[in-house]
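Chain naming follows the written order as A, B, C and D, and within any one chain the residues start at number 1.
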Amino acid sequence: MHALFQKIAALPWDQLPQWLFLIPGLLMLLAAFAAVCLRNLIHSALCVVLSFICLGVLFMALGAEFVGFVQLLVYVGAVAMLILFAILLTPASEVQASNNPLSNFRLSSALHAAAGAAVSFLVLAGLLAAIAFSPRAANAELPAQPAAAPVALIGENLLTYTLLPLLGIAVLLTAALVGAALIAKEDSKS
Amino acid sequence: MNFFALLKDFLLQFLGLFKNLETLPVECMRLLREFLTKLGELCGITMPQWALDTVSALVLIVAILVTFLVLFALMSVFERKLLARAQNRYGPNRVGPFGLFQPVADGIKMLTKEDLVPRAADKVVHYLAPIVMVAPALMLPVFLPFGRGMVAVDLSVGILAFFALGAGTELAVFMAGWASNNKYSILGAMRAIAQMISYELPLVTSALVVALVAGTLSPTGIAEAQSGYFCGFLPKWFVCTPWGFAACVLFYIGALSESNRCPFDLPEGESEIIAGHLTEYSGFKYAIFFMAEYVGMFAVNGLLVTLFLGGYNAPFPFLEWVPTWCWFFIKLWAVALSMVWVRTTLPRFRIDQMMQFAWKFLLPMSFVTLLAAAAWYYAGQGPKAWMSPAAWSASALIVLLSYLLLGTFCFTRRHSATNRRYLFSE
Amino acid sequence: MMLQILLAISAALFALGLLAALTRRNAIMVLIGIELMLGAGNLNFISFWKFSAHPETITGVMFAIFSIAIAAAEAAVGLAIVIQVHRRLHSVDVNEANQLKG
Amino acid sequence: MDNIVSIAAVLVPLLPLLAAGITAFLKREQRGLSATLVITAQAIACATSLYLLLVAMCEDHGEPGIVHQFFNFPWLTFGNQTLQLGLVLDPLSAGMAAMVSFVSLLIFIYSLGYMHDDRNFTRFFTFLGLFSGAMLGVVLSNSLLLTFVAWELVGLASYLLIGFWFHKHSASAAAKKAFLTTRVGDMGFLIGMFWLYKASGTLLFYDNGAGCLEQTALTTLAHTLAGGMAVSNIIALLIFCGAAGKSGQFPLHVWLPDAMEGPTPVSALIHAATMVAAGVYLVARVFPIFTATGPHSSALVVVACIGAFTALFAALIAVGQWDIKRILAYSTVSQLGFMMLALGVGSVAAAMLHLLAHAFFKALLFLGAGSVIHGVHEEQDIRNMGGLWRKMPTTFLTYTVGMLALAGFPLFFSGFWTKDAILHEAHLWTVSQAPFYMAVAAAFLTAFYMTRQMMYVFFGSYRGNAAHPHESPAVMTVPLVILAAAAILMSLPATPAWPWYEKFLAGHAPSFLPAALFEPGFLQIAATSAAIVFFGIGLGWLIYGRRPLGDTDPLQTVAAPVFRALTNRLYVDEIYEATVIRGLRVLGRVMAWVDRQIVAGAVRAVAWLSFLVSAISNGMDRFLINFGFDSSCNALREYGGGIASCEGGRVQGYLRVLGIGIVVLLGLVAWLLA
């Protein structure tokens, strides 16, 4: 008993904080998996939101607080709401009685899912293999200066090195706003 | 040295802290950490840093929770009393002196009520909704500086974090509305979300105005930027500048709307859609929603105080003997009670009017304040702007002109009653 | 080791997003899958930034910020298209919207 | 020129042009607006030109000599050469501009009444504005080029106004005739201008010593020879061609009487007072070129001879005319001949003085004639008038003043003094005395035919068909009165006792010389002139005044063939018809034949050739290109169909392939790295 206690105490506890990112990371994967598997669309969407939240927390844990909070603000505050609204605005959006005879055929449906699962599994396997065998990933060390991205530096970067992309993003967002409103607008004749 | 001697020693030190009220809370935390370290030494172990951090964080959390729950309780009774006074009634006056213990009675009542869950409801989501609602609301106050050097989490992106967590409320409202499986609930939720999204934009933009001038997203930095006086005795609060005043009014309106208070309480408008997304909630879950709403309101008011009303700074030099955290809470109460005042005074908006107000007036106006603040900053060459007539006149001109223009265009009655559209109410 | 774990998490998130995009027939779910994949990409940016030799040049962070902005725009337009498709075809099955096939 | 003056000088021609431009866009119904616009603009222009006259008068104190104020600006730059345009203000242009704008203003006002019932009232005022602006441009121009441009604009306005009643065949024909005849002269003008530019390198009149009328250029011109003649004389004669066309000098006079088809105010304004005087003004303007080789240069001799001949010739024709306006037209031609004669004998002052005086009294006569025509309901034949002095007293009195001024009745009428000055100068001309005698004869004839006209129109008994001849409204009679006053007052600056205008032109301070009246040379000429005027009027009264007049002229009974020749305008038109026009027609036929047979043949050959080429290319197209293209298209369609079946519109299918692609790519990278 005492030996166990000693063993536990001897663990590198001071390294604990830098492994805490595993909690949001694994929770994120769990939520994403649930989102893929759940049949109820709203549940799926809520799981995705949880996954997004965990991703944001993961970003914060990795030292990118700004990106983390932006992730929360954009995904939880905006994208999630858009998705939920879209689900509510497309009633019966769960694929049930489709006009396509092919999709009503269970075997075809199953084949379709199986093919998708196989492809994504292949991709996962390929990526994992690449990560595992990449010497650069294995030998990567944390830099001596812990990575930090202060807001002031980000702001300065936005207005100097990435000014052009910033302007591009501004145009893109405006165009997306207008375009989305235009596309989703009801036709006057209907 | 034994444990009791240590305890006595620290108790004496603690009592000694009351000589300086200003630093009392900060010193308390320091003393706690010291005590823990000494305690560890007594037991023969060196306290690891993370353990100290965890314990002091827990203590902080408890302190803030207690503070805001007490604020919530006091607010609920004060609001009822004030409403009653406005309506020529007495209000709660039976429980305790002047009815001050009414919240306790209410809490007991709520706890003992039956917790009803509709059969058609999505049980899990229905259960989770109050939690998702209250968690971010309780997290919000940690970013606020209650006094000089008194901030639980001093983030350099504090304001962003505040709004990012605040976004969780919409999710909770949606969950509550959808899970209840009741058309009034879902309609109320849709209304609430539409309203929140619409009013979040002016809210965030007017906060951005302050960040622009203060040059930081950290609430502490912003509060610090408003310390000091100009002309020797006038407060250097941002609300005293033309752009700051405009942004403050916009922020106040946004805060009213975000906390679903009158005249923006359409999502819960009893006469229209029963109680909106709260229709199917009862008992303690309902109380949690209620609490989250009030705590959220206090948090947003705290942000308003930090951003515009000088945070914890005293208004005049001769009042500086009052501790800074007292000033923060005085201002917080002032803003909160002004919201009660507004509630007693104004009728509820119609939904189309409300949306028009947000999109056609508040949003452009908040962009204009951004412009005015930029004009202030550049005409006055940064921090020197307080004494620059050019800065004052430029920003005042921009704000006034655009207010007149927008006001003229937005509030002329072009579409009178003939062309009403009630969004989410048909 | 830590970077590898992070990359593995990111790869798993990507694969899950791909799975959602490939197996679910609902266009909204396909969009959600794509958002997940974008999130995985962002995670990669942040991870590599954290382990880069010069984290003070915050390139990874900037990439992530822009990518989030683009993802938001993409989600808005994508969902608008979904709503319009639903209005036309009364279905959001991605396999129904195939009227332009050769 | 200083700033204000140059702005004023620009405004003078620009205002009426602008008014015309605006009026051109008005509707037919907006009569009041258009008239107001044009008349206001003209009034301002008139006031401005009077101001300019004042400026010119005040400018020349101190040093003797003419002061030319000018204002030049670049107009067109090609290569390293710049064509400059400009405006000039000197005594010549200032006096002329004041006269033109003043008379124009009066006639515009008169037109209000005369054209009152016309449908195209608005259009009429547009044309008037255009004319006035262009004419003032001619007057104020400091560049031969600008003069030419304005000159052609004046011609255009004249064409438009003569043909104003274009539905009348005679009017449109007269307009064409006027336009084409003046073009003949303008051809010479154009060539002269080119030559001048080539010889002197500038078209500006005055340019601080570099202008073509200044000493340097004149010396060059006088000393350059071309075909044995000094270039200056050739250029002067070419420019005189233009002037002769505009001013109706002998070979080119035929258009002017026909131009009377236009409305009477037009006849008064353009074909009596201003435009026809432009030729005289032009010669006066470029007078230094004429005198470059001396005061008796060959060019001047030609001008004097043609002027004297025209004066006599036109006066003769006028005797045999029946149309009230045609008589005045021929009289105009004759008077213009007098002016040319004055220029030819070297006196710009006499010519300009006669021009100014003539402008007033001829305008008066034409307007009086218009009033008469108006009064007897559009009747123009003097045989159908008579006894109108009782019916139209104001018209009669003012017309009498004009007639006496034209005839040169002694002492109180401007015509006497100015004509006298011309006769005097002609008499002093050392080259020949023939012009002098021709002028004396013309002066006699003038008095005679004017008396004839007076007798026919105003005395005797009314012979017309129209029921009630009546006096014209005030808007027409008031200008008559003003012009009559002017016709009398113009004698003041014309007497040799106070030669104000002459001194003004020469740039000297005016002086009062009563002694000049009693110089023997002057007295001799004055007495002669007075005698022939009395003789002419007396003869006219003897023949026409003592018995009732009928359809046949008393002269017809005396010498019928001569009178017939006079009535038929001495057959000049017929001669032109037989020679020039027929020749042109033959030339046209030849050209048409050439066009049809030779040019068209070539065109046809080219057409056939291209047809051939296209046929060949068509064959290539069909059998070479289409074949290959079609078959490749078919192949594309076949295989494309196969490929297209892969694009099933299934997004997830694409995505799947994309995923497989990622895996393959990963494998490839791994394989390459390994």
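Keep this in mind: a residue touches a chain if its C-beta (ideal position, glycine included) is under 8 Å from a C-beta of that chain, and two chains touch if they have at least 3 such contacts.
What you are looking at is a predicted structure, and each value in this text was computed from that prediction instead of being measured.
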| item | value |
| --- | --- |
| Co-neighbours of chain B and chain A - touch as defined | none |
| Distance-to-centre winner among chains (Cα means, whole assembly as reference) | C |
| Separation of chain B from chain D, taking each centre as the mean of its C-alpha atoms, in whole Å | 89 |
| Centre distance in Å when chain C and chain D are each reduced to the mean of their C-alpha atoms | 84 |
| Distance from the mean Cα position of chain C to that of chain A, given in whole angstrom | 7 |
| Junction residues of chain A, two or more chains touched | 66, 70, 78, 85, 112, 115-116, 119-120, 123, 127 |
| Residues within chain C bordering two or more other chains | 18, 22, 25, 95 |
| Where chain D touches two or more other chains, by residue | 652, 656, 659 |
| Pairwise chain contacts under the document criterion | A-B, A-C, A-D, C-D |
| Complex contacts: residues of chain B adjacent to chain A | 48-50, 122, 124-125, 155-157, 160-161, 163-165, 167-168, 170-171, 174-175, 178, 186, 190, 193, 197, 200, 216-217 |
| Residue ranges of chain C in contact with chain D within the complex | 18, 21-22, 25, 30, 94-95, 97-102 |
| For the chain D and chain A complex, residues of the former touching the latter | 652, 656, 659-660, 662-663, 666-667, 669-670 |
| Chain A contact footprint on chain C (complex, rising order) | 1-9, 11-20, 22-26, 28-29, 31-33, 35-36, 39, 42-43, 46-47, 49-56, 58, 61-62, 64-66, 68-77, 79-84, 86-87, 91-93, 95-96 |
| Chain D residues within the chain C interface of the complex | 640-641, 643-645, 647-652, 655-656, 659 |
